[in-house]
Every structure is written in structure tokens, then in C-alpha cells.
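Below: a set of structures, written as C-alpha cells.
What follows is a pair of complexes built around subunit A, which joins subunit B in one and subunit C in the other.
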Partner chain A sequence: MKILLVCASGMSTGLLVNKMRKEGEKRNILNLNIFACSVDEIEKYISHYDVVLVAPQIRYKEKYIYALASSKDKGYAFIDGVHYGRVDGNKILDQAFGLMRT
Partner chain B sequence: MERVIQFLERHLLPVVGVIAQQRHLQALRDGVVSTVPLLLIGSFFLICAFPPIAYLAMLVDPYVSALLTVVNATFGIMGLVASFSIAYALAASYAIDSLSSGLLSVSSFILASPFTKEGYIDSGLMGSKGLFVAMIIGLLVVEVQRFMIKKDIIIKMPEGVPLSVGRSFAVLLPGVVILVSIFIINVMLARIGGGSIPEVINRVVTAPLLHLGSTLPAVLIAVFAIQLLWFFGIHGQALVGTGVMAPIWLAFTQQNAVAKIAGEAVPNIICQQFIDAFILIGGSGTTLALAVLLFTTVKSNQLKALGKMSILPGFFNINEPITFGMPIVMNPIMMIPFIMAPLLCVITTFVFMASGIVDKPYVLAPWTTPAFVSGFLVTGDWKGAALQVLNFFIAGIIYYPFLKIWDENKVKEEQEQMNAQLSQGNKTTF
Partner chain C sequence: MDKEQIVFTIILHAGNARSYCFEALALARGGKHTEASARLDQAAQELKKAHSMQFDLLQAEANGEKQEMSLLLIHAQDHLMNASLAKDLIKELISMVHDKQLSSVGMNIIESGQ
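So, the complex of A and B:
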């Protein structure tokens, strides 16, 4: 499972990466690969990941991300603001797995 | 209040989205921001050349001019670099061969900038003076190229010719058209005694724009817009700060560095560091003080947890846990201090620098540099750090009463939840 997290500069999603990794360890998920990048770099990385989770503060870029994700056939979703604010690795990991299944 | 919010969300946000995704604005932003790593490296050498401690300054004195060569090669060619990267970014967005567009743009930029009498490239036009020239030329070069490709006015190679060879021929005709046009404009301007392309652009575009950008109301409006967007949960700093204001603020940054090198008085109060170091203390909304208050004074369990989580990122000016976790986003109570605090800090910072009490910034530091360090670093003046402390306390005083209201709300909410759980628990036991 490879998850790409995207925000304005890759800083605040960077906080989330560790939380999600820890959560993954708790659940004994192997091969969990999580990476945070800025929205400007998303084209460089998107091919290497299964799903894309986007921070709520850049939802003004939705059109662009939608077009990119669908052209690469990747699932994407915006992270819920409350989950994002609490840096809730648990809920956001669930969201990523939800995207995998669909 | 709710209606106002709904109205703004329905009518303001789509406009914001369109502006943010506008191709040319995005290319300008990406192109100009791509110079920042160079400016940061240059800043390091700028500090070394002018250390803010007298004893160190005496030690480096013999090496100053050697150290400044690096500053010249970074700050000094900001415009030249941007002429490449702006065209590169715009061409990439059109899926035109971006390398050749970038190179063509550099060539056009140099052609448009008159050489010195001795026949050398005029280094004075390669920095921020050339920035807006680079912006206009960079965009035009790519647009001409795109137009000609669209109308099929390019040299096509027969099949079997390697792709890269074909591409280099495709740029030939547009390149000739662009360079010849600039050449003709140069000659015409010289004939009518109108000076040069950079002079015209500086007079018509740059000077009014920079004059406007250097005023207190302009910064207040920009910061207000940033805060308002954040209230809607949108990254205002990325959109307005980097997206719209960066070329202006970074041009001021460059001017300040160049003045410092030349031994002149640092001219601009407003610049990138003004915002990064003195307004965004803890992130958009000057929230470091709020993070500290959350860490030390609240009673609600939820806010206590938030305080623990947000204080460390806050020192590095990252505050998404607060904006989304408290939340400030869509929270009319917290919106008031969230907008007031940075606006007041703009005013205090402006006043202290305009009156000469605190030195104006000339070094660029990464925006993640912790407060209280960054103030000293960018100004080379210990009073810069003191001003940050002052702004920190001003923000704290503004946030405190609103935080108390929100904290009481949260405590009540938590108690109600507890009671509900208790009564449910009682029901099941009986």
C-alpha cells in the first residue's frame, strides 16, 4: 500500500506521515509506504503511489488534482478538516484503505 | 453572520479557484519562487559577509568582497534566472518543449537588456530590476511560440529524424520571430530616444507596482485576504502570499540585499522577510502565542491535547493542527482574533521599522526558521528578535479572551457528552 499525501508545501502533511506510519505498525500492516509532497510536485510522484490524499487547505486545486488523478487512474480524496487538524492517523489511514477498495 | 459566510463561500471561493489555477499567474509564481533557493544560499553568504556581531565583522573584513561574489551570483541574477524558469514553467503547462522555451527566453531577456558602453552585460539589469522584464518576456516568448505551433508556422522534419532534432528545429522559426521583434523594438526605442525595453517596463509597470506594493495599506489588504481565505480552510498564504505577492515581496528582498552589499541604507520595510519573520510567527494568523496559550491555560481536554500537538510544529511556523483542529476554520469566534492579530503585527512592525528603531531586513531565511531566531537573523539587529517577542505578546493578548470563550464552550460540550454517556450507562445497568 503506497499513499501519497499532498499539501501546499509538504510540511503539514509531513506531520501526518509519522502518525500514519505508527498507526500502520499498530495494525501490523506490512509494506506501508507513505510520502508527503507539495502540490507542485504531485506530477513527479503520483505514478509511484496507489492512492492520493489531499490536505483540505488546497481544495481550491481540486480540478487540477481530479484531472491528474483520473488520468493516472489513481484514487484520490480530500482529508476531512477535523481529522486533519487532529493529525488523526487512524481515521486517515482508514480513508486511504477505503480508496483502495473502490 | 452565517449568511455572510455562506455568501462568501458561494461567490468568493470559485473566483479564488480560478485565480489560483490561472496558467500565467501560476507560471509567474513558479518561475519567481524557483529563485528562492538561490536567494537562501546567497543570504548565508550575506550573513557571513556582514555578521551582526562586531567582533566577527572585524574578523571577516578582509574576505568581504570574496564572500559577496556568491551574493552577486545568486541575488544578483534573480531576474536572469527568472527569465528562464518563468518561460520553462509556462511552456511545461502547455506541453511545449520547455527547455527550448526557457533558453529562448534567456536569450530574449539578454537581447532586451542594453549592454554597458564598454560592451558588457549590464549586471544591474540582471537582478530585481530585470525581474519584471523577465516576467513579461518569459510569458510573451512562450505565447508567440504557442501561437506559431498552433498555426503550424514551424519547420517540420520528415519522419525518421530523431525526435530531439525535430524539436530543436521546431523552435527555430518562433525563435527568429521573437529575437528579431525584440531587435526591432530596441532599434525603434533608440531612434525615438525612448530608452530601452527595461527602462520602459520599469517606468510603466515596475515602478507603479512596487510603489503600490510598498505601502502599508497594500500589506494590510494582502494579509487580510490571506487570513480570510484561511478562515474558509483555504491556504491563503500559498494563494495570495506566494501566488500573487511573491514577485513584489521578493523584488524588495533583492533590493535590500543589493543595497546592503553596496553599503547603502536598506530601503524597503515590506519584503518577504517582513511577512515570514514578523507576521507569520507560528504560521498564518500569528498563532504561536495561541499554541502556547493552548498548551498552558485551557481546561477542555480536547484543547489541552491540541496544545500538546501544536506547540512543536508552531515553533517551525506550521499551524494546520490549530487551524483545522481547534478549529479556526469556519469558526466565527476564533475568526476575529485570527484576522486581528496579524493585522496589528503588520502595523507594529511597520511603525518600528519606519521609525528606525528596528533595522530593516536584508537577509532571507527559510520561512520555517523559528521565531525569535529569525528576527535577529534577517535584520542582523537584536531588536528584530525583540520586535518578534512584542508581536508574540500582542497576538497572545488578542487571542486570550476569545480562547477563553471557546474553551468554556468546549468544556460544556465535554461535560454534556460525559453526562449523556453516564445516563446511558445507568440505563443499561438497571
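So, the complex of A and C:
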């Protein structure tokens, strides 16, 4: 499973990547590929990933992200604000898997 | 709340504030000024939350509690500053949009009267 995390500069989500990888290891999930990029780079990376999770602080770019994700047929969601604030890799990984099933 | 969570929460609230500001501007451009001003109020609330967390950090430092500087904390400050500026500028922009809309309504009345 390939997850693309997107935020304003790829910095805060860069930290989330590590948390989520650790959770993935704990759950023995193989082939988990997580990457963080800035919203300006999303067009370059989106095709290579299964789902897109967007940090809540760039909600004002929703129209753009929605249009891009739909055109590439990728599931996307904004990371839950509470989970983001708590830097909760576990819950955010759940959210990514939720997108996968739909 | 550990330092990391504080940083993420500052980013979260600052980002929310910025989002509300841009929503307010879009609403104002559509002539929906009541909704726009409600969004600006929400933005102010979110900024207040982010500011109060930053204030706690500053105060702790002033009390001799050495803060560990990280790039991530500076990044949170970046978000906060951006949001703060967005709010002030967008407030001005909205009043400009409002004035322009009022004056074009005035022009229409004058034209239809002739």
C-alpha cells in the first residue's frame, strides 16, 4: 500500500511518516510505502500512490486537491484534526486503510 | 501534551485560521458578507488558540524553562505568522470588496434613474 501525505511544505507530515511507518512495523504490514510532499509538488507524485491524506491546515486548497485526486481516480481525505494534533500515527494509518477499502 | 503535540496543534489551529480567512474572502466576493464576517470570527478564534499555545511556550521560557529549539517549532511559527497576516490582509480586502460592491449598486441606481 502506498500512501502520499500532503501538507504546506511536507515538513510536519514528514514527521508523521516516521510515526506511521513504526505503526506499520508493529502491525507487520509489508509493502507499506509512505511519503510526504508539499502541496506544490503533489502533481509530481500523486500517480505513484494509492491514497492521498492531506493535513488539515491546508483545507483552503480543497477544491484543487479534489479536482486533482478525482482526475487521477485516487481516494483522498483530510487527516482528522484531533489525530493530527496528537501526532497519532496509529489512527492516521487507520484512516489511510479506510480510504483503501472505499 | 508533549512538545511535538504542541507544535502540531499550533500548526493545526493556524492552518484552520488561514482556511477560514480564504473562505471568508470567497464569500465576500459572492456578496455574502454576513457569512464572511462569521468566517473571520472563526478565524480569530482559531488564531487565539494558536497564539495562546505559543504564549505558554514563551512564558515557560521566560520562567527559565529552557525550550528546545527545533526546525519544526520554527515551522509552526511560520504557519502562525502566515495565518496572522492572512487575517489582517483579508479583512482589508473584504472591506475593499464591500465598498466596490456598494458603489456598483449605487451606479446601477443612478443609471436606472436616468
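Annotations for the structure displayed:
The rule we apply is simple: the second predicted complex is superposed on the first by the 102 of 102 C-alpha atoms of A that agree within 3 Å, B and C clash if a C-alpha of one lies under 4 Å from a C-alpha of the other, contacts with A are read in each partner's own complex, and residues count from 1 in each chain.
Going forward, a residue touches a chain if its C-beta (ideal position, glycine included) is under 8 Å from a C-beta of that chain, and two chains touch if they have at least 3 such contacts.
Since the model is a prediction, treat every value here as computed from it, not as a measurement.
After superposition on subunit A, the partners subunit B and subunit C collide with one another. Of the two partner chains, both subunit B and subunit C are touched by A:M11.
Looking at the shared chain after the overlay, A:A55 reaches both subunit B and subunit C.
Of the two partner chains, both subunit B and subunit C are touched by A:V87.
In the superposed three-chain model, the partner touching more residues of subunit A is B, compared with the other of subunit B and subunit C. In the superposition on chain A, A:K72 makes contact with neither subunit B nor subunit C. In the overlay built on the shared chain, the residue A:Y64 is in contact with subunit B alone; subunit C does not reach it.
Listed for subunit B are the stretches 99-107, 207-215 or 279-287, of which 279-287 clashes with subunit C, judged after superposition on chain A. Note: residues 8-9, 11-12, 15, 55-60, 81, 84-87 of subunit A belong to the subunit B contact set and to the subunit C contact set alike, using the contact criterion stated above.
For subunit A in complex with subunit C, the touching residues are 8-9, 11-12, 15, 55-60, 81, 84-87. On subunit C, the positions that touch subunit A within their shared complex are 4-5, 7-9, 11-12, 14-16, 18-19, 21-23, 71-72, 75, 79. Residue ranges on subunit B touching subunit A, taken from their complex, read 13, 16-17, 20-21, 30, 230, 233-235, 237-239, 305-306, 309, 313, 316, 318, 320-327, 329, 368. Subunit A meets subunit B in the complex at residues 7-9, 11-12, 15, 40, 55-64, 81-82, 84-87.
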